[in-house]
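Have a look at these structures, which come just after this line.
Look for subunit A in each of the two complexes below; its partner is subunit B in the first and subunit C in the second.
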Partner chain A sequence: MSRPGFVLEVDDRTPPLVVHEGEGFRLETFPRGTRVIYPPESLPGIRDVDGAIRRALLEPTNSEPLPVLLTAGMRLTIAFDDISLPLPPMVKPDIRQRIIEQVLTMAAAAGVDDVEIISANALHRRLTAAELKDIVGERVFRSFFPQGALYNHDAEDPDGMLFIGETDRGEVVEINKRAAESDLLVYVNVNLVAMDGGHKSVPIGLAGYKSLRHHHNSHTMVNSRSFMDHTKSAMHHSAWRMGKLLADHLKIFTIETTLNNDVFPDSYGFLMKREWEWGVRDQASMLAARRGLAIAPKSVRHKLYQGMRAPYGLTGINAGETEAVHELTVAKVHQQQMVEVQGQSDVLVMGVPYVGPYNVNSTMNPILATCMGLGYYFNSYRGQPVVRKGGAVILYHPVEPDFNQLHHPSYVDFFEEVLSTSTDPAVIEAKFEQQYATDPWYVHLYRTSHAYHGVHPFYMWYWAAHAMDHVGDVVWVGADRKAVERMGFRAASSLQDALEMVSGTVGRSPSITYLHNPPHLIADVR
Partner chain B sequence: MMLALELFRSIPRYAAARTLGSRMPGLLVGPMAPVRLVTRDEPSVRHDGWARVRPLLSGICGSDLGVVTGSTSLYFSALVSMPFVPGHEVVGELLDDATDHAGVPLPRGTRVVVDPVLACAARGLAPCPSCTSGRTNLCDHVTVGHLSPGLQTGFCRDTGGGWGEQLVAHSSQLHAVPDDLSDERAVLVEPIACAVQLARRAQVPSGGSVLVSGAGAVGLFATLALRELTDAGRITVIAKHGRQADLARSFGATDVASPDEAMRAVRRATRALRVAPAPLPGPAARVVGGAGEMLLGGVDVAVDAVGSTGSLDTVLRSTRAGGRVVLSGMPAAADLSPAWFRELEVAGTYASSGDAFDVAMGLARLAPLEGVVGGRYPLHRWREALDHAHSAGRLGTVKVCFDVRSRA
Partner chain C sequence: MTSPVVHVTRHVLSGALLRGARQDVRLVARGWRWGRRSMVPRSAEPFVPAQTAEPFPTAWARTPAATVVRDGLQRFGLRPLMRSGITPTVRGLDVLDQLAGPVVFVANHTSHLDTPLILCSLPDAWRRKTAVAAAADYFFDTWWRATSSAMVFNTFPIERRSGSMSATPGDLLADGWNVVVFPEGTRSPDGWTRRFKPGAAFLSQTQQVPVVPVGIRGSFAAMPRGRGWPVPGRPAVTVRFGEPLLPQVGEGPREFGTRIEGAVALLVDEDATTWWDATRRAARGQTPPMSAPDTAQWRRVWDQTRPPVVRTTRRIWR
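== the complex of A and B ==
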């Protein structure tokens, strides 16, 4: 029986607590009275995963069973969440592989020949062949990739996108042409957090800049409360309007999966336990990891962390009509990740780990670290933010100005050019977004190399817009001073210094809450 | 007799300068320098139109340093006469009554700046085609006439130069300095006039994008002139050091990039495509060297204000097809493939002509030049002065001058 999440209040007996900071972690002593939000322990994974998948496909929600929807001569497209999910990547076999294999088996049984499989990467980077193979598995890869029937979505292919229409708010809905012209689109989700899935999948994952700009903008991001509750997220409202329009034009069979909180491999199991419950083995692992990481060269640390695969357990799978499926999914995600928290605090402390959605097999540059901390972690709440309006956020991450030139070429320019002009999301959006979004070089790299789209760093910055609008102070502990100053923040060398620095905003005896994740959690702030 | 720094012919020292100059410039301000402080006769030219000038401030130019460090092309060896007193950026005081370039009388004691070009008029010759057309900087007669060879004052043994206590200048070279223009600003008139010439040679289209590679004195004044005298749109300046970057912005740069960021910045500004050749395998790369990246697209006009191979490569590789590359620094060897492949117009710009000095005088009065003269040395501290000038960018200095009057 897994225990629910809870809120610890630091007292004299509380040991130093793990705080993630990029490719490393530290043990931090928090001031007495600090609230520490621990995620629930992992729910037990489903033992018969293949059986659960089969049941979901045969007994879908608000939909006919998948085999009934499959007919000989039809055009079938299977789209799946790209490498940005889950985090970290999961041990093989990937859940998407297992689902796609069963869908293909049913399609073959129905005599469906025209099948194409698309990585729904929207404006994310193209996956390499090896990355595609990791997700769909050897068998599917060998059957489809050489024939060109397994590929990355290309949102800049002028012949590959189809205009569907406009929502009643004038939002352009344009998605992948192959998917749009299919008799059936099966979308395979990995719903790591509550904001994933639903109508956020097809209208975003298979769309391009013309559609995404309607909800990925500073105004929408600032006005979403929060992303973890699609009923209160302006971004999701827009995606939902698009999804409803799409549903009138295209038969979509949605498959959503939920995972438990087993985010670290066994050797790092202590990172998922409460510190005062560490046994001798956990202590030994922690010490070995700390010492090892301290002496390891940066490249070795990077390789070690990026090579980590999560032994996720499947906690649920639902299939059928998008909205009905998504309600079941969200309930399951909440069961795994929701922690009730009473009231807001003056200061929110978060450790930004080594991986986010956009640096799998890559580098977490300063923009991505900001997105991860002030975007995803800050917004990991329901109700109201954990920190009060005008409060302070303290983040842990080295924030080294290292950029992966292959994956993030426009990020370099964004950091050097855009952020040196302004850090205000609205100003940046008005002045630079269009330029970057249509820059032919970025478009070329997005289409032919493995680069995120030119506009992508803007979206990362917008993710942090709500936090930047809400809080009065942001301080990074252990960060590269120049890099964080470029982004309009401040750097401190210790928590004590950071608290001293934010005392002008929150006073000398602030209430402090530390969000102890990963594993993933949602703070349900009452 | 007067005190002067003299550049003299010394094969061993020249060889040393040529070999070591780029690697250990410090050596060249020591005992190996082909420069010496001497007491020598004042220069005189016994012909009409010449007047004596007592330098007040005299700048150290990149071309002067090039001569000292042996990095100047041998192409110029026939265009100078040894030994000579360097110094062609001069503000001084007339010791004789004279007339200026336009025939206006200038009484003794008038402060003047000197257009250093020694063209037909100064040499007592009938004007060559270039001088006839007013392009005196392109005079074909810089080695003949009643002066020894010397393309400019400061490279001719007969006229003296700014690094001495006295020089002689022809009336065609003289420009009176207004009373409200300080010596510190006046000494910058000659390099600014060169920048005016550069801005004209650049032929920037209205709203055109410009890259200025280098933010030493040449690059900064080029930026100033391009901003003030042309309809240039975005001007990107490549600056190595922080103070250079600040000055570039105050002189009109739209944005500033470091040398290793230059190609990226230009690409962003012009929405060009960037092309990088596939890297060669390790040993081959060591032998052949990297081919470097280039842009397809790029700026309308690029200015090389450094003269190094790296800077030339940058401007040639970041100019759009059919664009214009202006060579302002004394050029080193470079790969001219882009000039051929992209049909670039490669234009040189040398010294100044026409009314450039008058325009420069106006710019020198209005431009934010405070602190641009960052080092003033008496002649006897010439080693320190040259050392400072060598490292000017790193030390946050734009222009180092000799304060010829000073004995301190």
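== the complex of A and C ==
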């Protein structure tokens, strides 16, 4: 039986608590009275995964069974969530592989010859062949990749995109041409957190800049409160409008999966436990891990962390009509991640871990660290933010100004050129976005190399727009001072120093809440 | 960029590795209370899972070799140590002469002194064959506490949270071991006796062995909860064994448990007054209750911290 999440109040019996900070973690002694939000324990995974997939395909929600939709001579496209999900990547076999294999088995039985499989990476970087193979499995890879029938979505291919129409708000809907012209589009999703899935899959994953700019902008992001509640998120509202329009033009069979909270492998099992329940083995593992990480060169540490694979268990799979499926999915995600929290606090503390959606097999640069902390973690709420309006946020991360030149070339320029001019999302949007989005060099790298699109760092900055608008102070503990200064924040060497620094905003005895994730959680703030 | 080998070597030689390890170990030792009982933050207590772990094995502590070692520890270690801290008086041991064992010793419980008091009061032959039921969540929460208490006191774990009866005490009685049970389940916080749980009565009924009631007086005053050593002055503590009780035909565990509780109360009253007075009061149904009176906490503690007056034959000629 999995225990629910809960809010701990730090007292004299509370041991130091784990705080993630990039490729490492520390033990932090929080002031007494600090609230610590713990996620629910992992729900048990489904034992018969293949059976559950089969049932979902044969008994879908608001749709005919998949075999009925498959006919000989049809044009079938299968799209799947790219490498940004789940986090960290899961141990093999990936759930997408197991689903795609069953879909293809049914397609083969129905005599479908024209099948293409697309990684729905929108403006994310192209996946390497090895990364595609990791997701879809060797059998699918061997059958489709050499023939060019398994590939990355290219949002800048002038011949590869199809204009579908405009929503009643004038939002352009343009998606991958192959997908748009298919008789059936099967979308395979991994719904790690509540903001994933639904109409965020096809209208965003297979779209390009012309569509994305309608919801990936500072105005929409500030008014998405929060991303984890699609009914109150302006970004999701826009995506939903696009999805409804798309549904009139294209038959989409959505398959959504939910995972449990098993984010760390056994060797890091202590990171999944509540600290006061650590046994001798957990304490010894933690001490060994701490010393090992301290002694390891940066490259080894990076390899160690990036090589981590999560033993996720499948908690649910639903297939059929997008909106009906998504309601079931969100309910399951809430069951795994939702924690009830009473009231806001003056200070919110968060540890930013080593991986986010955009640095799998890559480097978490300062902009991605900001996106992870102030974008995703800050927005891990429902109702109202965990921190009050005008409060302070304290984040842990080294924020080293390291950029992966292959994956994040436009980030370097964004950091050096754009942020040195302004850190205001609205200002930089107006002044720089268009230039970066249409820069031919960035477009070339996006299409032919493995680079994120030129406009991508802007979107990362917009993710944090709501937090930057809401809080009065942001301090990074253990961060590179110059790097955080460039982003308009401040650095502190310890929690005590950080609290001292924010005392001008929140006073000398503020209420503090620490968000103890990963594993993933959503604070349902009442 | 330095090579990994140079990096590691530099880290080790600079002393950073040892320094960091020392800091971490110190932090963990303090935070996780090494050598002391682990504690759960108060707000997390409702979320502590029920103990499902396998009980700590204690059969080794009842092997002939362990029994010999324990006999030595109790005779030459525990007994002198106890007498250096308190002045024990034992009465009523003659009841054991009429018994062959095994029996269940049932006593009131106010102090950690109670277990060594009972064990050291018993004749050697009885003591060697006596085991003590101890709370699994308290005495068996760490390996070193479990091992040492099983070795010195011949304790075995009993689950008091789940309410289910451990299988061990029945097996021990069947194997001829006497068992000491404190049916209150925990030490009294104010020296007054709490309600007896029916486990001991149930055990006696299922195994068909007699219950020997034991009344202890003065141990709360000598070493109450929170103290690790008796108060100065070698305070007096008395242990009084009563007539064995057997379950009667048709008597349920609750009724038998009430009778046992009454017998212990009678022994405490007898110890405070005289056998004759206590017996007459018992006949009238006026044995002073052992349960706490409805007064302020301090008055209850005050009353129980009064050292018992031990009636001894005074020596006129010194």
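Going forward, the second predicted complex is superposed on the first by the 526 of 526 C-alpha atoms of A that agree within 3 Å, B and C clash if a C-alpha of one lies under 4 Å from a C-alpha of the other, contacts with A are read in each partner's own complex, and residues count from 1 in each chain.
In the analysis below, a residue touches a chain if its C-beta (ideal position, glycine included) is under 8 Å from a C-beta of that chain, and two chains touch if they have at least 3 such contacts.
Small disclaimer: the values here were computed from a predicted structure and weren't measured.
**Q** Putting subunit B and subunit C onto subunit A via the overlay, clash or fit?
**A** With subunit A as the common anchor, subunit B and subunit C both fit in the superposed model.
**Q** In the superposed arrangement, which partner chain does A:Arg291 touch: subunit B (first), subunit C (second), both, or neither?
**A** It touches subunit C, and subunit B stays clear.
**Q** Once the two structures are placed together by chain A, how many degrees is the angle at subunit A between subunit B and subunit C, based on Cα centres and rounded to a multiple of 10?
**A** Approximately 120 degrees at the subunit A centre.
**Q** Considering only touches as defined above, state whether A:Ala129 meets subunit B (first), subunit C (second), both or neither.
**A** neither
**Q** Figure out whether A:Val412 sits in contact with subunit B (first) or subunit C (second), or with both, or with neither.
**A** A:Val412: touches subunit B, not subunit C.
**Q** Counting residues of subunit A touched by each partner, does subunit B or subunit C come out ahead?
**A** Ranking subunit B and subunit C by residues of subunit A touched puts C first.
**Q** Which of the two partners, first being subunit B and second being subunit C, lies in contact with A:Arg274: first, second, both, or neither?
**A** Once the two structures are laid over each other on A, A:Arg274 reaches subunit C alone.
**Q** A:Trp441 in the overlay: touching subunit B, subunit C, both, or neither? Say first, second, both or neither.
**A** first
**Q** Mind working out whether A:Glu9 is in touch with subunit B, subunit C, both or neither, as first, second, both or neither?
**A** second
**Q** Tell me, in angstrom, the smallest C-alpha to C-alpha distance between subunit B and subunit C in the overlaid model?
**A** 16
**Q** Would you mind writing out the residues of subunit C in touch with subunit A in their complex?
**A** Those residues of subunit C that touch subunit A are 2, 4, 7-8, 11-12, 16-17, 20-21, 24-25, 27-28, 31-32, 38-44, 46-47, 49.
**Q** If we count contacts the way the header does, which residues on subunit A are in touch with subunit C in the complex?
**A** Subunit A reaches subunit C through residues 3-4, 6-11, 13-16, 27, 29, 274-278, 283, 286-287, 290-291, 294-297, 299-300.
**Q** Please name which positions on subunit B make contact with subunit A in the complex.
**A** 255, 257, 261, 264-265, 267-268, 271-274
**Q** Tell me, which parts of subunit A touch subunit B in their complex?
**A** Touching subunit B from subunit A are residues 412-413, 416-417, 435, 439-441, 444.
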